[in-house]
Amino acid sequence: MQYEEGAYRDLGWAKIDVGRPARTGTAEAVYAAGKTPAQVAGALAALREAHPGRVAVATRCDEACAAAVRERFAGEPVLVEAGVCAVGDFPAAESGPLAVVCAGTSDLPVAQEAVVTARANGLDTRLVADVGVAGLHRLLDKLPELREAVCVIVVAGMDGALPSVVAGLVSAPVVAVPTSVGYGAAFGGLAPLLTMLNSCSPGVTVVNIDNGFGAAMAAARILNVKAER
Amino acid sequence: MQYEEGAYRDLGWAKIDVGRPARTGTAEAVYAAGKTPAQVAGALAALREAHPGRVAVATRCDEACAAAVRERFAGEPVLVEAGVCAVGDFPAAESGPLAVVCAGTSDLPVAQEAVVTARANGLDTRLVADVGVAGLHRLLDKLPELREAVCVIVVAGMDGALPSVVAGLVSAPVVAVPTSVGYGAAFGGLAPLLTMLNSCSPGVTVVNIDNGFGAAMAAARILNVKAER
Amino acid sequence: MQYEEGAYRDLGWAKIDVGRPARTGTAEAVYAAGKTPAQVAGALAALREAHPGRVAVATRCDEACAAAVRERFAGEPVLVEAGVCAVGDFPAAESGPLAVVCAGTSDLPVAQEAVVTARANGLDTRLVADVGVAGLHRLLDKLPELREAVCVIVVAGMDGALPSVVAGLVSAPVVAVPTSVGYGAAFGGLAPLLTMLNSCSPGVTVVNIDNGFGAAMAAARILNVKAER
Amino acid sequence: MQYEEGAYRDLGWAKIDVGRPARTGTAEAVYAAGKTPAQVAGALAALREAHPGRVAVATRCDEACAAAVRERFAGEPVLVEAGVCAVGDFPAAESGPLAVVCAGTSDLPVAQEAVVTARANGLDTRLVADVGVAGLHRLLDKLPELREAVCVIVVAGMDGALPSVVAGLVSAPVVAVPTSVGYGAAFGGLAPLLTMLNSCSPGVTVVNIDNGFGAAMAAARILNVKAER
Amino acid sequence: MQYEEGAYRDLGWAKIDVGRPARTGTAEAVYAAGKTPAQVAGALAALREAHPGRVAVATRCDEACAAAVRERFAGEPVLVEAGVCAVGDFPAAESGPLAVVCAGTSDLPVAQEAVVTARANGLDTRLVADVGVAGLHRLLDKLPELREAVCVIVVAGMDGALPSVVAGLVSAPVVAVPTSVGYGAAFGGLAPLLTMLNSCSPGVTVVNIDNGFGAAMAAARILNVKAER
Amino acid sequence: MQYEEGAYRDLGWAKIDVGRPARTGTAEAVYAAGKTPAQVAGALAALREAHPGRVAVATRCDEACAAAVRERFAGEPVLVEAGVCAVGDFPAAESGPLAVVCAGTSDLPVAQEAVVTARANGLDTRLVADVGVAGLHRLLDKLPELREAVCVIVVAGMDGALPSVVAGLVSAPVVAVPTSVGYGAAFGGLAPLLTMLNSCSPGVTVVNIDNGFGAAMAAARILNVKAER
Amino acid sequence: MQYEEGAYRDLGWAKIDVGRPARTGTAEAVYAAGKTPAQVAGALAALREAHPGRVAVATRCDEACAAAVRERFAGEPVLVEAGVCAVGDFPAAESGPLAVVCAGTSDLPVAQEAVVTARANGLDTRLVADVGVAGLHRLLDKLPELREAVCVIVVAGMDGALPSVVAGLVSAPVVAVPTSVGYGAAFGGLAPLLTMLNSCSPGVTVVNIDNGFGAAMAAARILNVKAER
Amino acid sequence: MQYEEGAYRDLGWAKIDVGRPARTGTAEAVYAAGKTPAQVAGALAALREAHPGRVAVATRCDEACAAAVRERFAGEPVLVEAGVCAVGDFPAAESGPLAVVCAGTSDLPVAQEAVVTARANGLDTRLVADVGVAGLHRLLDKLPELREAVCVIVVAGMDGALPSVVAGLVSAPVVAVPTSVGYGAAFGGLAPLLTMLNSCSPGVTVVNIDNGFGAAMAAARILNVKAER
């Protein structure tokens, strides 16, 4: 079997999977929630060491966590946006374009998590904001831009109707991201999640609620299809 | 207090609320599920007796129930469609137009329950079928017809996205009906129900899953606003 | 197709749908949750510019947001109530009356969101408070007032039983609003939501939990039926 | 400790708790679902042997089960109604009156399970059918009868609103039974169950969905309060 | 009809149902959650005025609310315990005994809400704490006390198993109160709620999660059965 | 790495994991639901071939499936009970005793699935039936037998209270199996599942609803602890 | 705007969206559930007429439906498998390879729906069956094959753990399909659905429960990325 | 019957079950949530008094609670870790080894609750951190260590896939602990809970979400099997 024994760095409380780029095409990212700021900074450092040419990324960072990262990587480029801490120079865009579309202004933070993550992974990424289905003409106006994209991430809360409409209009893969925007019977994003899983437009796939990061990683896999072959 | 004591017929196992038209503008209807065919036919007979000029309606009738109704009202006009048994001559359309729009062919039975109920209550009702959001042009093509309507009932299963789109395009009241069409994470209609409750288009109201009857009754109340004043 | 390309103002992070009054009869409102105070004020400004004769409305505003709105519109009339910021002179009541009924004092904030929104849209609106079904005589005492209304919004938490009772007593359209008032098995408003969706009184329609705004917008559509025709 | 060792009959596959009347005031009943007809008949026989003066009761019996019971107790009085098989002569009514109220005709089978069980336990039981809140006058008309009752069981499906209204009108204990009558968002009785648990009328208690048997047993405990002391 | 028109005090934002003692045997109580401290104090004042001989009760009071009540009723006896504010001299115990049993120490606050409410309504109430089923002998040791009670309230979180065990040991009515004590799959009290609704001991009835108040009100109705007849 | 490549038999539609006994101590079993009778019989044949000395087991077999197994293994010992088809001679009991306790007669089929599976895996297994908590003395009477067991499987539907009580009385590991016995708010076994996960007796572990097989496999792992060391 | 008005065939009860291949790269498919056999056959005929060179596909067909299709297209190639009716000659595989991996034999029908749909859309598709995580070596043995694939569909019921493991081993896009295989707390596929949405391997996307069709359509979009550019 | 009457200490608000070690092999632990710091310290003192040779343990302690414990037991060894307060000298490890495995660094606090509890009960416990299935080689690298363990506790949030993989590789009992780590459709740990209950690897048992304590107590029962016999 082709299993690479030992391809990780053991920090005791963590085992950084440094073999992941070779296996999956993208580096491990640090999920900051539930970790101490020191743990997040430490894990990023291990990633930087293992893959100096890649941007090391942590998601769901709060203020304290971002401060610890900034301090640890004082001399290096650190981008903090939408809860993402990205350490290292962003690569030039190598594949794309990827369109990240969001239904409302309140969905922007999730969309931005996707945008930052995608750019850190070398994707040519464009944001199209506030084109919810209550005013279809805003979306239809952007159709040429959407049809140019090789992959479309659609971010929406509340009714989550936007991915169905977009997927009926483009031929690219559509990755839908439900958000927890909404109240009452939105049930923390359950409503748009179910909407998207039941899309009447075939070929929509879905990631977890508020998971802009995961959508970008899926897009990276999809765009690599084109890039690598 | 203006309470009309005794304004019902007591059949023992049922108390037919014959005062309802005076109070609410529409007659009581018989919900057949869980009742015996004889009970359904008996309740319809009591309604016919109390209001000879109105169509007596039972919903959710199965074959046995429809047979019992046909037998009981052998000489009278009986319409059986989409689980509705309607006894009596349908009135001329007095108010409207009401548009009943459905997303897919599989949603048709629920839409037809709405159509039959609305017509039995004197509403000028038009059915627009199979205009789901996966092919928006089908819907946009019908826009003039929809904008003519005084009230629009929108029936959809799966993602339930259609009411949000319709309500962004018309000024009439939009009554949304989720259907149990779909599978898996549609959870028997829960998915489109939540979608519709969270519509990003303001002013959409919602009735129970598969409740074409209830949507038509809401439309009757809404159209009476115009008719009566 | 009659689609008005470009009928929106593009603020970059938002696309204000200024064509909405023409299409749906009511202006876009700003949903403040998840937006920065500056974004809310900016969106209201765009609405004011596009429709100087209309009240611009934002819902779910917290203190910081209200302060930003008051500052931005220093010389203009700004009403802040029940989380709603409304900028501009309220129109004279043009249609109605609309009755907003609530079951308990704890439901008042949601009812007031409905009242403010309705009045900002020109509806003659009356509030009937604390008439829950545990003391039916309080409700029955108000029956004449309720029967005068062209549309009735019923706001209730806990068991959510009030809309069923009201709809059995009046002929006007009944829009039910479940609230998150209650605890335990109220599950944040799920209990009254399900109650209302399953109302045994035909013709009740439902909006999202705590969605006083949406109920008022539905009422505006319903009352326009009368006004416009 | 006052524990009676051995106060049960061991049938191998069952241990009939013959000490229950002494401890709880009512005999064990056989829950037929998931048991074979022979098991049900056998358990009833053990109960009859242990307490010859009591009616032996099995609930949730299907046709095959009822046939097995009728055969086994060929010479004895057997009542089969609403899925209940009751073997033995019913006692004269010793305490009460108990009112069993149901909202609609479709709720009758559950109400009847309560009535039969209550009568088998010696309660003076009266059924008031079809007094749902959509036509309040039907209920108010029966108020004198309800106020006479020492305990009121209220059976309702759909919105489950009836117990709240009843409990606001009487001083007796109100035991609420949600039924699975309804469709869509009734979710098999979840909707009325939640309604009843959140009743705005203090003092309503609730049993399981469709559990007419359990409501009658609770009533027996309540009425024994009076009878025994 | 015997409806007493006007039997309430209209405070504008509230309609105090002063006819409730006559109808239901117990006074209206004030549910403080979602009300301002001034509203709570005002409602209590209206109750005191209407029924000077009764204790006026508000539940779910926080610190601010309790302070407002203490200030408003400076010269009168005010008891604040377990979130209950009770104004007025407690009556001598007239009926009972009522046993309030709780499974663990963490369930005590809910049990105490029941105890205070019951005593304010004149019930002779005894608390039996920390007798969960993990150590059955603690419960069995209290059996004589439990068997003396005319009604037993059983409060339990986590697995909610205690009411089933208690109801198998006593003949009195058992009112079960699930609590939100627990974590993870307790889901805020859903777990013990379902346990109790599915009790294998016939005759258990259930109130809402954490609803000590409601259980006491049910007990008051039950004990009145004995007291009044 | 010690990975055994190729340690499975490839049937095309299935890959029988013949290395499992070496890795996990127990053989793979066939989950018959969703497989054709021929597939089930074929998979059992592959297991028999690979491990002639072990009993080959399939669970969740219906009639057609059992017939196919009986036909395929015409000359061999085949046991069919509680949906289990077991092919081969049962081994002598090597470790134990294991007690399988069930709350009611309706839970017997699930308990029997556990018993048959355990015996096929060489465990000395004893069944204790119908000792639910509504009649505690039946359980306490069996305490000596339970305290002798090295592991106790407790099977219960409805309130699922039995494992908490048992685990408070014995020191052996307690594996709890919720069953789908019950109705209404039992929600197909969700109620006892949650009860058991929230047990107030520390050290109870839980398997899936109706999963007697899984409980027996867990017991086999536990008893092997003793046997192997 | 580039909207093609009229690009559908209006059958009255359906509007076949014949413009879909131009917009989305794949033809409309017929969802047979809830449609009559005649409707399914009619819709397929309209698709065949519009796009003679494409395979016309209907999913979720029962026996009656398949018979109607076979009769209607008597002289043409009709494939019926896994509930799919496909009319027309399958195209040569143009892009791929696509791997369809399933965890257990019981998941095969859903995997086959994916395989047939993918092949009908010209994808070079390979099935890898029964490689669930309980015997990892079966999966690791197939790793070379999986790493060759341009896209991997992973079908799994029960714990739904397989996609997380696969996505940690390959760089291609992973589309996860939860199935309703399992019982008890699988809740009709909810368990694997949630597992997959929460995958710890970044870049997994998910479609609806049992939605092999949808996964194949997503794969078609993804593979077109490579094919078209 | 062998029931030890009086084997508890009655503190009024609590009844410390001092007979539990004799019955179940482990001492009662104090669940601190919902108790006052004084109550927690008091309960620990009662446990220390009753069993001077055992470590007294309280779980779910916050800062205030830990401070109260430290103050009360000023001269004694007090360990505070992962919300556990343990008073007394830890015993030498008597049985084991027990492996506690966790999927990610964010799951560490729950794993540590298990480790501390297990060590306080005399188990030889080893922690294996951060071996989630997204990088299988990290886990496979630890296989020899896992196969040495007599019992394995597996702690995982998000997809909860790790226990299925581990149980396919070892023969020891596997106790799975879902954690609330994750967001969106993790629903506070519901996702990994369901995953684990539906494990395709037979013999996995599950405890409540985040219940490291309960898993350790189950391990203590399991290891006692070996130790005692």
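Per-chain residue numbering starts at 1, and chain names A, B, C, D, E, F, G and H are given in the order in which the chains are listed.
Everything that follows uses one rule, which is that a contact is a pair of C-beta atoms (placed from the backbone, for glycine too) under 8 Å apart; a residue touches a chain by one contact, two chains touch by 3 or more.
Note that the structure is predicted; figures quoted are calculated from it, not measured.
Common neighbours of chain A and chain B (chains touching each): C, G. Using the mean of the Cα atoms as each chain's centre, the chain most removed from chain G is E. Each chain gets one centre point, the mean of its Cα atoms, and the points for chain B and chain C are 25 Å apart. Per-chain Cα centroids separate chain C from chain E by 36 Å. As a whole-number value, the distance joining the C-alpha centres of chain A and chain F reads 43 Å. Remark: chain E and chain G have CA centroids separated by 56 Å (rounded to whole angstrom).
The multi-chain contact residues of chain B, meaning those touching 2 or more other chains, are 1, 3, 5, 20, 104, 134-136, 140-141, 167-169, 184-186, 190, 193, 197-198, 201-202, 208-209.
Residues 1-3, 20, 23-26, 29, 140-141, 143-144, 150-151, 167-175, 193, 197-198, 201-209, 213-215, 217-218, 220-226, 228-229 of chain C are the ones touching chain B in the complex. The touching residues of chain H, when paired with chain A in their complex, are 104-109, 129-131, 134-138, 140-141, 181, 183-186. Across the complex, chain A meets chain B through its residues 103-104, 132-136, 158-161, 164-165, 167-169, 182, 184-187, 190-192, 194-202.
Chain F meets chain G in the complex at residues 3-8, 12-15, 17, 19-20, 28, 31, 33-35, 39, 43, 60, 178, 180, 188-190, 193, 208-211.
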